[in-house]
């Protein structure tokens, strides 16, 4: 029975040893209603298997947040097991099982939009069992999101029952509540992230460290439109985007393909970063040659009187759970080049938490010259100036 | 003798080995005046005991900050020893000796107000001695405050002599200096805190870790008026509000009483948080389902052109000494529920730095459904979905 | 060969095992041009020695950022070895070799200004060799700057080749790009810092920990004009400005000379702080009795409608790489006194990361009274109130 109730005028405390206080009794009829619903859930379970269990388990809380009458859009999301990284189990979210990765796919919403995401848990139960230390902790994967609105049904937590057993699926509803001058709602436009909250323990610590996280951008009409967006995640394993050791830079010299591990842009393009902190440590996002404003979008509204008060920064500290966004005009004033992007905690950057934003010229070419190496793992011979000026790393 | 002086035109350095520089001499008459005052102090000491000693010891610095002609209000504050937490000594501030707690009582001021607080040190000297490792460090308790104005006499530090021996008392004066367009004074409205600065060492490290801290809100006319205010302190012992292990949630299902360890509200109420960091570690304040603006009050002035630039966040990193405030409309859009409030550093939340904001519906009832468990210490059996949907923890 | 190129329409991936993709070929002529330049560099090397090597090595990237047609001002900067601090090697930047220090000299620029800084590396190669653990890492000193604009040639990194071997020199160009309403450039006015990025490893970790860093202020017309500016650096060695143990306070009672280790001001003076974080740890800047606004300059534009939303703080967390500035009116409302400035991480302040802002009265005198001691290293006997009120530390 669940009889939470805040009474208007607190009754006197019952004497020690007294029976259940009277206030709880009016709630009893609700329990009856609950029982009926549970029976229905059990029937459903028989029909659809374990996957329907989680979905049917709740239902007393609203399915959708106020303001979302029905979802504007629906997507499918898959939680899958990826190849191990050494002995480390890796999991990822993907819009298809085949494209799952860490970070997971960048989600984009417009303020005012309501999005239904059906999460399919394709991670074997044995894998989830291997990631927990407490044998009583439930096995499942969830989707917890920052910044946007959702009810308890979409909280993605153990105590709300909003997670998905292996082989099951569950629909989470996210509402990008817009600003409202009347209610004072401040809007949800921002740079957010989503992650598991269940794998391994009640805070999803093993889900997070295995790779179950991704970025979310909620845009507001009029926001600067980026030419490219990169998600950069700082975690505990001394690397960007959860890779151990040196951040992998998969850029090739010819036709480098933008992606989670190849940050490339042409001069003049607006490059957007979604920056997320996970784990247990503090980190800093530092980008050489570029800076941004400490505003919602990282841009400054020149010409507005208050613009003069806004700090401009090129290094921002973030803790676990923090997320922020910014955009820069690649190469503005500073030109093309291999611009370092690293954590400014020295032992983090020395251990490999460092990569490059490769800014090509307007024609898509990189002027010849010194080439890029990444921190500690850079071949030392290449790091030293070579007599012929050639340091091509990608042949 | 105290002859600090910045001369207008620095005289040439005296030759090595020369005697005292001439500039110090004009200060001598002051020393005479000081001697007289000290005699008075000694007399006072005889009359009122050690308690009067600290109060009488200074006096060359102003007693009250500029702008405070005389206090608008006076309160009594008691520093007392509380029952040990295991082997850990606990101290607390209280408006009465009987109600001392950690965090101490929330102080509230309006900008422009001047407040006199008389601190009575009821902590036994033997307890204070047990908390210091350096036998030469003085024994006493003090009141140091952030954000508002005070003179050296109210600094609460060893070197200013503004602390209170056991059995003594001392009046501290806080001035919530208002904004002033002429002088550029930026005002003191904000979310601050107060703490001991003397117990155990010159930075009050043992006073802080024992419990001598509390929140302070300075309001400005027109600020949003909260329905409920909760002080949340993040410290080193992996818990909120300094409790070891799992944060205690003392909410009962029927008629939960709001308090430091029972965060409860009805849907639609404006809930204010005063968030304080103490100790040595970084933490983050994360609240599920709710977000706030990165402004002085945590609210956003919709309709103002600059409102669009303000970041909205749901996770904020804080270091020791930091304090901030925010308010949210409980359950706005997301509805009632057991909304987690936790540090997003995973080993902190896993170790118990996690509690709940219980949002009831407008009638003060909680819809039935999954119930709340707090992190690592939650009984695992209850965490698993029960067939009958009952997870009541409080019977 | 350096053939970085982003092609407009990606050609199909070459079959596995195929030879070099065709797209690389059009770049070949550039390689020829590069070879010619390299020959020139080798000739130059013969003429000017190793010092000219670094300067000649690049050249394909622009020497100066867009907007800087030619430098408005040129200065010389020297990197030198300082006396060891115990067994710790110390390096410093100076405007002359004799005045090198850590932090290095405060640099000041106006927005719109272009500054050429010629760095002379006077640090012996053997010293640089002693600071590296990887024998393949190049030996040199560099100048990397935050916030302002510079090309790859002035990046101060290994991979751009923009560093200086012992005995050599190199000119770095910094451009304090102004705001531009048309391009949206947000301006570079702010509180920044500069540092080595090469000594010991690719992130200059040993250069930083040895002392190669300093503050930079870029001002905008109309900014508040400080009477005094102090640079305060928080690093790993539990002290301010990189000194081990207790922060040295070199203030003398008579005619204290403002400097990196003597923070002094008269009541009413505008005191500006440039605050920088280096190393691996988080720190907080806390100043007793004074507060500031969370804006670009630390001041609040009273009378503007948005001023009311700006948080006012007296404790600010910073991570490595972060820098910020603020100014306070010394003693405003609170009067003269020995106002503590410390990190609020308790084990940092207890270990000595604590100093004083000595605020004298308008005539340059300090009222007699309790005197200053600095945290853990303060002589305990002096810390206890002395019967005659005399605690002068500087006789």
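The chains carry the letters A, B and C, assigned in the order they are written, with residues numbered from 1 in each.
Operating definition for what follows: a residue touches a chain if its C-beta (ideal position, glycine included) is under 8 Å from a C-beta of that chain, and two chains touch if they have at least 3 such contacts.
As the structure is a prediction and not an experimental result, all values here were calculated from the model.
Where the sister copies chain A and chain B meet, the same residue numbers recur on both sides for under half of the interface positions.
After Cα superposition, the angle needed to carry chain A onto chain C is 120 degrees, rounded to a multiple of 5. Averaging C-alpha coordinates per chain places the centre of chain A 33 Å away from that of chain B. In chain C, 282, 300, 306, 310, 317 are the positions where the chain touches two or more neighbouring chains simultaneously. The part of chain C that touches chain A in the complex is made up of residues 1-8, 10-11, 21, 23-24, 27, 30-31, 34-35, 37-38, 41-42, 53-54, 57-62, 65-67, 134-138, 144, 146-147, 149-152, 155, 157-162, 175, 177, 179-181, 183-190, 192, 201-203, 205, 208-209, 220, 222, 278-280, 282, 294-297, 300-301, 304, 306, 310, 317-324. The touching residues of chain A, counted against chain C in their complex, run 253-257, 264, 266, 282-284, 286, 288-289, 291-293, 299-300, 302-303, 305-317, 329, 332-340, 342, 344-350, 354, 358, 360, 364-373, 375-376, 378, 380-381, 383-385, 387-392.
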